[in-house]
């Protein structure tokens, strides 16, 4: 952990825009001994829009406990302005579960980077509807739970997963998990389930997008990472990217190239979520990137 | 005109794949004194696929006239292998008509680059359903024809355009022409009408894609250039590109950024067509890029 | 001019970092009736670094004149914190001179976009050491001054240019101006002369970088836009970009492709300067991009 | 192994350009029952240049042994035209040694992809001047040789490495190997040692390029993969790429982002070498990419 991680806190705010918010927030923090070192704010309209804020502050000279800071911020600042907000600390890494089926390309990169300290998370468990990747996961000292899913047992399978996850994770990453989660499941983790869709949404919704891309002769293939909502493949987009391809690539080669884009897009989306850079705004996101 | 343009010819071939085609083509050219300086070939499958070829050859030592070369190639090589083919000469610039409505950003770049010799074409005329851009076009010494289009006169308007174009153009560029061409019109110029669609197809088909992109919160916007077929916005894709955007961009700003992508994509597609780099393969294209 | 342009003001601040700056700035603006709608701040270090800020605020409810706002900000906020700062208004477009030699590709795009309202500037004059581009420039209703430069008259030529520019411009763009400006000239417009270097700096400093790139067989060519300082081609970098190339491109073709990158890079750098998005920090820049 | 890999052979040719080469090559292959399915040829000049060719052919109907094909091609085609050439078979994967120090990010990706069949190579051994990565490598069932290198034993260390490599490898990848190989060592593997340089060459030659990039405030960082020659960091470039960065990134973060670019660039360069897509032309390369 670097000095910076040890002392850095982050505040996210969404609220109706009106004059005085920045003054209120920054004066509150100043009065409690916090030094703001990065401040990124955006209003969706000049008048009557929504106010979005992400800031980082340094905590060595805080004059109160973390609990007191939260309570005071809630009553003095958040409540008067009708804020949705959260304060988090870089030193408290988020707990991340990974759900996976058989494709390991995204999973392995997540495990590998997390184990190296290259991704600010801890992974308490991996859940899969297949047993294939157990050895790869357990080698990292991480629990692997095999929960088979069939047409008949889907509700029970989700219930079992929810029991395993309960109280143990802050975010769930679907690293090519080939089962559709029920709205009921998703409702337990609103805007905290991240999916990678193997296509440049809104194009090619549905199965086998690389074959669709090949049949259509597109010159770029893409991938999209988004939060999961009750509406399949339609949740708020966090990140997208593309890769140039040509007529020389077979559908299989598009798939292989696409997997590299999927991995890259997923890594960015997960990293931004872990660093509290993403605010959901209806069916869209505000992402405060570096 | 450079030495190269003065001496360079190009051969495009599509035919069922079988052994011996390259040998037949290259031996024919060698025997007639042509020197092949760029040869790009692709078969869609190892067995039983389609054979696509683009090659450039140098003509200073040709032992026969251009007509004789065509006739001999047709009988000795093209016919036995069932080829679709064309030979063209870099020194014979293609004649390009531009159809436009009121947006001038693509048109101006085409006029400007063509006038500088930066785009290998001559533009005999521009046709528009509005009179707004007349002065801009005529300043380049190019005919400007205003053909108003209404719900009632569409057939007559297209007939007038066809009369103006007849025998005078090799390719038609729709530089944001906001009228839908009838299948009848398009049938006169198969795979020779190039459109720019202001979206990353197949996403956001239809009107006002930038507003759609803004509403959806996409992180990349794109543009697609394609040949026009009877099926609107669905012809073979020639080129696509994207531009990264963020929540800070309004729908208007997405439109402005998108216009730069449109222009860039259109310029590449038109250039590749003019340099005989595009072969249509059903609803797809093979593009032999540099 | 949009509603937004009519009401938007911008504040840029650089100062030694310490707690309380954001509170002081935002409270000052709030107290004067300004509504902050975009706020982007960065500190170069968690402790003891430099504080950089760009913010936009809306002015309809300002309770004082622009002069009073400046004077009060200077005494109440800027002086206590040792700030370098500026307030500007989107409705007051910056005045931009263009210096050019014979290459017109960057110049034309600047003229064209400015005349369309696509670039927030006014261009009072263009100065060139050649007379070639006079007609193109004057057609836009812009003064064109031909000041020949020789080995002998360089000092006089610069003096004449300075007289023409004096009091009439806020920023000077070197749109492929092939003369080296003296440190004396540059000292009149510190961090207000923008150059485009036809290479990905720090590579290929000096003459004919495209031939150098071709000889070296690079796979990407680039361009760099930077502020001009006394140290040639070494001023603070504002923007860079690259374009993929291959062995099939001749040095001339690299040059043509490179000119498109140059134009794109220059347009972004100039736009960012015009929108007050660039703060110079020693030999580097902080660019608050959208 | 796919059907295609089982039947695909590749021919690479470099020779002085003259008419008739393609005819001679393709007719030879046709006469021996080979079907050409991909043919990519380039001449460096219209007249008097160098001829470069990569082609793929299918072997099921070859009428002679591989040895006979080589011998006949040598005498009938290669010798008359003064060709440098090679025939290889996709089913004969190249043997690749990896030299590494302590950074594992490139190594791990090579091991992982090779073990999955995603990179067409076999890795008989890894050599390192440190013992740190032994466990990671041996887990893949690959020999790990620790050969410490000091100022005093460099010649002996290289001799030991050469003994280990002799007859066992076709290509050597320096996956962030922090020792400079002697010209003597390199001379055993001409154009078969691939290095990744953590910078966009020719910029920032030398140590700690990410700190240099940070100090200079560049807006893009890059990486370069090249063949190693006696001239350090100056061998023929195979591939380069860049990543956009900003003032918000510390030198450490530039390094982390740069490592992703390094890995991506190295993977492409190695893949292209393994697929016989690279021909060295003096101090440059011709790369026949998909």
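We call the chains A, B, C and D, going by the order they appear; numbering starts again at 1 in every chain.
Heads up, the rule we're going with is that contacts are C-beta pairs under 8 Å (C-beta built on N, C-alpha and C of every residue); 3 or more make two chains touch, one makes a residue touch a chain.
All values reported here derive from a predicted model rather than from experimental measurement.
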Furthest chain, CA centroid comparison against chain C: D
Centre-to-centre distance between chain D and chain B (centres being mean Cα positions), rounded to whole Å: 37
Whole-Å gap separating chain C and chain D, where each centre is the average of the chain's CA atoms: 42
Per-residue overlap in chain A, given as positions that touch at least 2 other chains: 38, 42, 246, 248
Arrangement of touching chains [line / ring / star / complete / other]: complete
Residues of chain B that touch chain A when the two form their complex: 42, 52, 200-204, 215-220, 222, 236-242, 246-248, 281, 283-287, 289
Complex contact set, residues of chain D against chain A: 38, 108, 112, 118, 246, 248-249, 252-253, 256, 290
Chain A to chain C touching residues, read off their complex: 3-4, 7-8, 17-23, 26-27, 29-30, 33-43, 45-47, 49, 53, 58, 61
